[in-house]
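The following pair of complexes shares a single chain, chain A, combined with chain B in the former and chain C in the latter.
And then the complex of A and B:
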């Protein structure tokens, strides 16, 4: 078990380093493609536009290695990254790490609420639909799921704003970030998109479980439907749903970029879009790296969760580690 | 042909019909309503009528013309990036599978890292190179999408290269080009087709999403996402205006999803 875990962690760590290097390399070339003298821009960001002198710009140039050839500059840039130095924002001149720490909490809050809300919506619908395949609930939820899936999260967000906020006056999209209760609409948007698929996964898993020999055996030996479900059904039906969380996390991460901008939620996705708009390269690099790493972390957690829930995968993984 | 059509599941057939309708609209309508840019401030926010089938927007521009121009733009950019991504991905996959060794290791780890990042994040990164420009979005999309073709083609080609037919073709003295044309590419074709459908929908969606957030193409370019954000403030006075790009994008996604034939759909 330990061996399997360490093998998995090692592979994922390597992936994390690669992702960070990739994003940082793209950011480096991005920085060099900006028009105008970069040193002046950074100096202006640091000291204010009135205080910039040629000497200050020169000091920045030497300090950041902008006077060196491209390859040397790139290596210096990587070194800074490996020392966990993400630099200062060009726009606010606050350290990127600080800004991200603040935004990250908001994003986490949004993502977790969406995830929980989606499970609350999807699991009951999926399981009950699975109890009676091709019944009316199954058909209705299938149709809804197809329609919802055709609408990507940001379209769904617009529709929800149009339907809910103008009619019910729940939240105004523009000032959502400053009001309490502004979390509801963005979380609901993401949750509905997630639930559209996960309810079907839960339904299929349920159908599969009820068809299986072990479930029939449990019924035959005299357990009631409910007991058989609780003791033998739920855990088995959970494996695909947990595994599917991994795929959903990609989706959530993409959704967060757009949904946060749409609802002005002050999270990391909003910050990234904002940084791209303002060409704030340290912020672009910082937010993109954090999102990439978060993604690797989520995948790792899903792998581990799957291994814990399903002994067969543990066995397979240990054989792979031995090979 | 008709037997083959009958054989397809209903979902795929309806997806194909829907997609063809959208494409026909995108190709034909601009000749009927060619003017997507000129403004008429006397006639803003008009309701749909015979003369203006989808009404006019907040600057009095013809919505039908804008919508169909936007469709053309979305589809051509998506198609262009998907085709480039497929060509690059398959060639690199071929190289990796054929050569192996260091080349394969390097390519696989790069692909792994790109694969880890969400498509939208990659496109966003590249769009920062030249905001509002066509080419930065195109490069970003191609860079985000090539990895799928790389992974699939590397795996398929590796398996095919050691198969009995290829081995016997080699023994018979056929060259590499023959192997590629008769054995490797036919193996790849069906998988690549499906991947391209998904790629097109990803690309169209990413384009609209970036336009909507304000980091993609810019006004006055007629583009679905840009139109949505432009028309968003008028949703109380003229809800039909914002409805048309939203519904159109929804229909494109639906058509592509149905045509791609996801497993869960009966």
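And then the complex of A and C:
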């Protein structure tokens, strides 16, 4: 098992390096191909639109080396990256790594809470719906899934604020003692969107398990329905749900950026959105890299969870590690 | 302790529309005496035993009466028999490899019957020891700590059997227990079932395999089209069958086939293989295999399960790369002329496309002559109307012949048939095998057959290649 794990981690580390390089390079080119004059936008970000003059923009251009040829800029950026230096923010002049360090914890907290919450919501609903396919719960949860998935996350977030905070007063949309309103609402918004699909995956997995020869054998062996479900049903039904989480990570990453902005959640996604408006290239590159790495990390966690839940995958992984 | 008597009175099964799936039948299963039900696919054998268990699919209705010892249950009251499951009445399902939980170790799947089901209610630790002892006795001690996907079919069979028995049931129903097993595994299972009988248990077996019915002895029941045609002692039914269908079933047993004509085997060389070898990880599967195949030859590959029979065939077709050695096709021979007939025809067709679509696509892809299809289907005794259906809507025998038609359209030089009839009942097996041999001869193709059935190989093939574990 240790050998398998280290093999997996090694592979994922290599992947992480590639992701970091690729994301940083692509974002570098994307930022430089944006329309408008970079130095003007940055100067506007620093001093306000009313205060920007050609001279101020020129000063910014020289200060940040934006007058350098593109290729030279890229090579400089790679050099910095190899020294784990993400540069300084164009706007605040603080090291990017410092800002990200502060935000990363928040984002991780939000992403993992949303992931866990989505499983907590999706698994029981999906499993129960799957135990009684075409029953009322199955039909209601299917309808809700379609509606929830059809809503873009920002709209769902606004509706939840309206419903839970304004109408019912259960949660705070904004907290007086805090600049944001707590973890629950943004995590719930993301979790609901994720659970919309996960619950259907869980439902189909459960239907499959119930139809399976081994589940029926568990029953004819003499186990009660509950025991058959606990010992032979849930774990096998959970494997595809966990595997599908890996697919949904893309949606999670994308959702984090939008939801953080909507709920003023002080995480990386929020920072990324701000950095884009301000043309804060080092900040954009830094946050993009960290998001990319977070993606690799979450994928690794999903892989490990799959291996723990499914002995066949453990076996195949150990075969790969041996080869 | 001897088993309670199982008495079935006027048991019948109907579908939702009121069609008979099993016509009323009565029989008694006495302790220590086997009862084997034989008959073709779709004859209602499996439904009959599911009706006894009370595990029929919803939508099917059973009627009649089932007595087990002193307990009486109306057939339609399936839930009334639920408490019997595992304790007094147990069923070993078809395809034990699928009947075991893929994510639980084998030993645990046996132990839980001792812990949760058996009247002894032993603790988990003791249950695990008992399970290991059982598996040891069945000769599969090594299976205890393994997951089902690591077991061979025969091993999984014995693990599932131990799990079936551990609840304490003395009356055991086994549904096609030898499907897909090689001769050794089959004999092993027969020994196990005979032991149950000797100890006073009773065994109700569904089988396609006349050898199994003969070895278990006791009584035999023959079914066709939802009807019980005849029943009696094994000697009566198997040695002196009254019904025509029973005689046909017995004649379809490969043991009773007439020897196929010898093939010339002097045709043009199709391929030549030298020093073929394959390894999996550190384990060598086989090595140093030399082989030439000529047009018109009929070659059987035999060997124990897991020896690499299928792998060798796939290698010759170019589906698997050899680790050692080389394969040379006759000059000018396209790889497309080497075709494979799969064991399970259902998984060889796209499940949600009609069969017509499958053939149309093939004809378009390879620019074949569409007018070749109808005579081909007629040659294989297939109705053209079948093409409108989905693969799941035709019988196994028909689907395997459709798979054969699909291959023959490409006028292959070599057909690799991998256990092509092991999932068919004896009569469809004989029909399919005969048509396969006839069409192969008409096309002067060569055939390479993998089968675990020694009789079948001996009666149909002309050359035999044995591969052993290296």
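Please note the rule applied: the second predicted complex is superposed on the first by the 237 of 323 C-alpha atoms of A that agree within 3 Å, B and C clash if a C-alpha of one lies under 4 Å from a C-alpha of the other, contacts with A are read in each partner's own complex, and residues count from 1 in each chain.
Everything that follows uses one rule, which is that a residue touches a chain if its C-beta (ideal position, glycine included) is under 8 Å from a C-beta of that chain, and two chains touch if they have at least 3 such contacts.
Given the structure is predicted, the values throughout are model-derived calculations rather than measurements.
After superposition on chain A, the partners chain B and chain C are seen to fit next to each other with no clash. Looking at the shared chain after the overlay, A:220 reaches chain C, while chain B stays out of its contact range. More chain A residues lie in contact with B than with the other chain of the pair chain B and chain C. In the superposed pair of complexes, A:10 makes contact with neither chain B nor chain C. Look at A:159: by the touch rule set out above, it reaches chain B but stays clear of chain C. By the document's definition of touching, of the two partners only chain B reaches A:149; chain C does not. In the superposed model, A:239 makes contact with chain C only, not with chain B.
Taken over all C-alpha pairs, chain B and chain C come no nearer than 5 Å in the superposed arrangement. Contacts of chain A with chain B, set against its contacts with chain C after fitting on chain A, share not one residue. Looking at the complex, you find that chain C touches chain A at residues 53, 55, 85-87, 90-91, 93-95, 98-104, 112-113, 116-117, 147, 149-150, 160, 163-164, 166-167, 169, 281.
Residues 212-214, 216-224, 227, 231-232, 235-236, 239, 309-312, 315, 319, 322-323 of chain A are the ones touching chain C in the complex. Interface of chain B with chain A (complex): residues 109-110, 112-114, 116-121, 124-131, 205, 208-209, 212-215, 228, 232, 235-236, 239, 242, 246, 249-251, 253-254, 257, 264-266. Contact residues of chain A toward chain B in the complex are 14-15, 18-19, 21-23, 26-27, 30, 33, 142, 146-147, 149-152, 154-155, 158-159, 162, 166, 197, 200-201, 204, 250, 253-254, 257-258, 261-262, 272-273, 276-277, 279, 281, 284, 288, 291-292, 295-296, 299.
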